[in-house]
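Several structures are given next for inspection.
Below are two complexes that have chain A in common, paired first with chain B and then with chain C.
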Partner chain A sequence: MTGPLLSIDDLTVRYPRRRGEPVTALDGVSLTAGHGRTVGLVGESGSGKSTLGKAILGLVPVSGGSITFDGRDITRAGRRERRELSSQIQVVFQDPYGSLNPVKPIGRTLAEPLRVQRTLDARAIRARVLETLERVGLPATTVDRYPAEFSGGQRQRIAIARALVMRPRLIVCDEPVSALDLSLQAQILNLFNELKADLGVAYLFISHDLGVVRYLADDLVVLYRGSVVESGATQSVYDRPRAGYTRRLIAAMPRATQVTPHEKGP
Partner chain B sequence: MTAAIGTEPAVGAPSGRPGLARRLLRRPLAAGALLYLVAIVVLAVCAPILAPHGPQESDLAHVLATPSADHWLGTDSLGRDITSRLMYGARPALIGVLVTVVVAAAIAIPIGLAAALAGVADRIVSPLVDLLMSIPAIVVLLMVLATFDQSLVAAMAALGVLTAPGLVRVVRAAALMVAGEPYVAAARVYGFGRFAIALRHVLPRIVGPVLVNLSLVAATALLTETGLNFLGLGVHLPEASWGGMVADASAVMNQQNWMLVPTGAVIACTVIALVLFGDGIRDATAEGWARPVAPARTKRSRDTVKGVRPARRGAGAAPADRPPILLRVDGLTVAFPGADGRPVPVVQDVSFELGAGQTLGIVGESGCGKTMTGRALLGLLPEGARVTGGSILVNGADATAMSRRERAGLRGSTIAFVSQEPMAALDPLFTVGAHIAEAVRTHTGAGRAQARERAVRLLGRVRLPDPDRVAKMYPHQLSGGMAQRVAIALALAGGPKLLIADEPTTALDVTVQAEILRLLGTLRRETGMAILLISHDWGAVSELCERTLVMYAGQVVESGPTATIITAPEHPYSEGLLAANPQLGTPGTALRVMPGGVPSPGEWPPGCHFAARCPYVMDECTAHPIAMAGTAEHAGRCLRVAPSPKIEARP
Partner chain C sequence: MTRILVRRLLLSVPLLFVVSIVVFVLQSLIPGDAASQLAGLQATQEDVQRLRRQLNLDEPIWTQYWHWLDGVFHGSLGTSLTNKEAVTTALGTRLPVTLSLVLGATLLATVLGVVLGVISGKAGPLAERLVDLLSIAGLAVPSFWLGLLLIALVSVRLGLLPATGYVRFADSPSGWAQSLLLPVVALGLAGVTAIAKQTREAMLDVLRRPYIDNLRANGVPERRIVFRHALRGAAIPICTMSSILLVGALGGSIVIEQVFGLPGLGGLAVSATGSKDIPVIQGVAVYFTLLVVAANLLTDIAYLLIDPRVRAS
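For the complex of A and B:
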């Protein structure tokens, strides 16, 4: 337990194409995430940030390098190992509308991962589901309702509950708040922080929004075209960016505080 | 609930929702179809008990009889009872349909799912399906009948095999769509295999289209079965079959044409029933998980439509240093028809002015009416929505009173529009240059060469490098940022006085967002056009806009100079929205949040729309509609804003 929770070393992911050269989505990426820490992963579309999340979750094949979780190599974990890992590593996606199966009541969606594990009996599963719903601030009646009955913010709470129900140690969050309105986004960001403080869960927080990441992440990794261009403690990267791309990214953040009025004089 | 735990953890039957059968029976057409099909099955199965006569029993005294007490539907040329023969004839028909449907489904569903979920399978299945679909069915059926001693079951099974490829395509296409959803990826994270995903997540979602197609397969099978029997193939004479009865009837058509009526009617009704049943079961399955019917719209919110007019300057009060008024919106109300036919407002009593060359931001969350306000200004409201009150004065002329043509003339030449999805504005078949040249010609009547030249100039104007080359590009060759620049060039083609930009940067990368905002600012200075920026992003609005309107649940809740609103917001919603911005939050401390969410149109309270989420709420807030208060410069729709003694007072 002394080492980092997640350690990625020289990871390369190439997508094969029908014709021509394969596309390199990640090229020699290395990063570590400590227990109970939030690592922000920032980059623009096409930078490979989502691919990195998928590689950790085993959703894309890895071409080179290694992923170590809690001292154990999971780079090419098989299905059985993945099933076991799913109680440790979970995921929250961006799209609160597509990330829940619309034909299943919420209770079943939440119970499903627990049933796959076959470690809890039905009664314990139910108790865990209700407890988790309460944890994310949803009423117990949620179990019988369908995704369509919930708003975007509520659905994202449900998606977080689904990740939490396994009591994971790492949650990969792929743009989990970028589809939400500002006031709902703030509610969810607070929830992420509460869960981290109460349960000691670590996050890999993938986002294009530097503002969100600056607020939430302990450490920051900046990806550009499949490579890490900068990493370090969030505040120091933010205050003293070294890479040119990071500087551009920070400069591009529209800041509500810095008003540049074009007002006409009286 | 506890009783259900044993079998189904976490959830019993969804309470408050009727089961599939109940939902099905609630649809009159589907219920009728189901009833009819059940009746046919019962009559066929119980034919030996229920039929008034034997299928071969001849009553030679009554040949080709019309309906009578003894023979309800008459008799055929051998005096056999038509009612009884229809009942017996239903047996091979139903068996045939069942065999075809079962065979087709058993082949198509697993293969279609496999093709959708495993690339290897797809590479084999797809070409094979294409090949199989080119085989002429009737030839194969005749060969099967010849080989298997006229066995109808064999022929119908063969028909099932032949229809399967079409069904494979349906299953594959539907499953591919579902397989791309994030929840399928989430299931893979739990360690589900492909098989389990197909069974638990994909199949339940595609049940609808599959059932509809199976009902069509059933209908086709029934027609094929009767067709084969009409030709004398399949059921051995003198056994009864519907096709055989049509053949009998057609043989004696010149003497007695009644016989065709009951037989034809039964076949037609059964086909229709199969199709309707398929439709019904699809809708009923979807209803199980789809959004419940919207709650009845309350009429309370209507009362506030005629709320107090907001603070605004008198028309003649414009000081000399103010630019001439380009756009003046007064009491604009937009409504959709509600469930009970009453209009439900989505934009309520919005008023503002925009001078030539000025920039105004509209900020708010989704559901606050920002986009609908913009669409109303453009005269491009979605189907059903109507401007039910107020006026939109463009250069002094009321746009709401204009004809469709006048309105169209206004768009592009006076008011232009840029949306969140620039690609949607571009036809993939035409080059960028062709798009802009067309817009130039529409607005200016310029010649071809001239328009072409102007298009390239416009592309240069939106700071696209190498405009000549960009003009020759097709939309799919553009990046998101380039496409947005092209969309802006397109909007500039008519030389507009006002550009309405609805979330123009939301879909773009952060660095590109900043570039587009800067471009809009530059263009405004160069062309002198006014800009109305609709955005959820305080940052974007503060970059570009002098003044800002904050909208909440259909109303303007605050209006004032952007810098003032950001530093000293008057309305608690503006305050909450600013505090929720993580950019301004301190890491390690919780963001200040507003509880709950924006109420839907139709659920707006009669008093302050924000009252339920407001930290400063008082009793008076919920009693009556709240008016805008404050100065013309900076006003808020809140009782806490000190009402100014004289609204006209300006520094």
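For the complex of A and C:
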């Protein structure tokens, strides 16, 4: 059977509040992601796109609907099942500063998910860690160093290495480049593209930046206030947006304007 | 790393100077002197004067200080004016008592505090409230009162532990533990809740970080997340709090030693102040200062061991 890798059906997430009605972060969201495909998830802040990522990772309680990964229902997977899933689904977060434990050497951070799996011995884990670091363009000496010794871009490479070290089939990327400056964004996006081509990994790429998503995503899902307002192949959504919200998003993109000679001055 | 420690040690030398001068000046302001105390109530004015000359108490205060300092440079803290015992000997026999009490209280506060902190951090809002409530109570209840209460309840009513007195560890380890248990609890209990609160806040702060989300998403067991990551990240503030408690316990030990009749440095300080025994007072002050310096040094070393970022800087 070759169904979709990830299938989300009518997913609802409500955050309880201390007083009053709970907040509905996601309201009946459905989407699918094929093997080795990149699905871009766009929307403004508060649209529920990060909540969707967290629901797939089991970090928020699901109120309704289902999440199916490779034919298996993972909507309410417990810690033990998550441990198994960690070799299938991985995550890269936005904040390259908060996403690494500052008091552990990089090697330990990268090895941790492998160690709790207990399928590889220490030597194999070390080999895997070194191989993965090399894959994302970092030297082997990285393992003994601490996060504080690296720049934001390098840390994001480390965070990507931590995801790749499990050889996952799906990586949830939650705004992975929005904390980086533009030249670094391009480098990291290229790395994502290379990894996709080489390893056949699928991404759920969450971003508020349409330009970034357009560069990477095969398919596009637009979220607005917890609901899907538009989805389809990236290029067609981009060229012929049907929802008014999507049109506004596209119109809000910054455009490179050509500087005409006379504007440069004499 | 060693450079930081050496610098700290060098800085403590002027600190010792200042403390010894301040103590010297302060005690000179108290009316009366050791000679009149020693001579007793029946003594004539001449007896007191003779005694005063014998003890060099007729010299100006700075000359007296200089004599004392000269002695220190030759490795002597002088002899007691009241019983001619060498001050270092007198302090030496009493130091273990105070150290056991103070370290015991700090250890109790830290261990119990961390356990309570973890429980209250993970057990939900009710446990959280309870620890908050207890920490207010802990701050409000004075340790000497708690000590008296413990004696009345555990020693007098239940007859479980000795009310006062001290047994040396060398004589009987179990007797030593029994004689210290109540004073340690009385001195340390207020700190338990302070540590618990610190532990909980620091731990919850770490648990909100994205790297914890990453571990959870990977199915890392919560126990491992709490003990290997959250507590590790909370270790520095806990360490800071412990060292503050340790220094506070040094001061508190003076009162607690009186309540439980322990022959420690605090008791010596109190009796020496009463009899204006200058060398002993000076000696106690120097020892207390050294203990504070040692505590701070240990804290610095602990920081270096816990946090690699401190090591790098």
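In this section, the second predicted complex is superposed on the first by the 255 of 266 C-alpha atoms of A that agree within 3 Å, B and C clash if a C-alpha of one lies under 4 Å from a C-alpha of the other, contacts with A are read in each partner's own complex, and residues count from 1 in each chain.
Keep in mind that, in the parts below, a contact is a pair of C-beta atoms (placed from the backbone, for glycine too) under 8 Å apart; a residue touches a chain by one contact, two chains touch by 3 or more.
Because the structure is predicted, anything quoted here is derived from the model rather than measured.
With chain A as the common reference, the superposed partners chain B and chain C clash. Once chain A of one complex is fitted onto chain A of the other, the partner contacts of A:R82 extend to both chain B and chain C. Annotation for chain A, partner touching more residues between chain B and chain C: B. In the superposition on chain A, A:R214 makes contact with chain B only, while chain C stays out of contact range.
In the overlay built on the shared chain, the residue A:R162 is in contact with chain B and with chain C. Looking at the shared chain after the overlay, A:L189 reaches chain B, while chain C stays out of its contact range.
Residue overlap on chain A between its contacts with chain B in one complex and with chain C in the other: 54, 57-59, 79-80, 82-86, 89-91, 93-95, 98-103, 105, 109, 112-113, 116, 146, 148-149, 162, 166.
Those residues of chain A that touch chain B in the complex are listed here as 44-45, 54, 57-59, 79-80, 82-86, 89-91, 93-95, 98-105, 107-116, 122-123, 125-126, 129, 143-149, 151, 153, 159, 162, 166, 181-187, 189-190, 193-194, 208-212, 214-216, 234-235, 248-249, 251-264, 266.
Contact residues on chain C toward chain A in their complex (touch as defined above): 209-211, 213-222, 224, 229, 232-233, 306-309, 312.
For chain A in complex with chain C, the residues that touch the partner chain are 54, 57-59, 79-86, 89-91, 93-95, 98-103, 105, 109, 112-113, 116, 146, 148-149, 162, 166. Residues 5-12, 14-16, 181-183, 185-193, 200-201, 204-205, 288-292, 321, 359, 365-366, 480, 509-515, 517, 521, 524-525, 536-540, 542-543, 546, 561-563, 566, 576-587, 590-595, 597-598 of chain B touch chain A in their complex.
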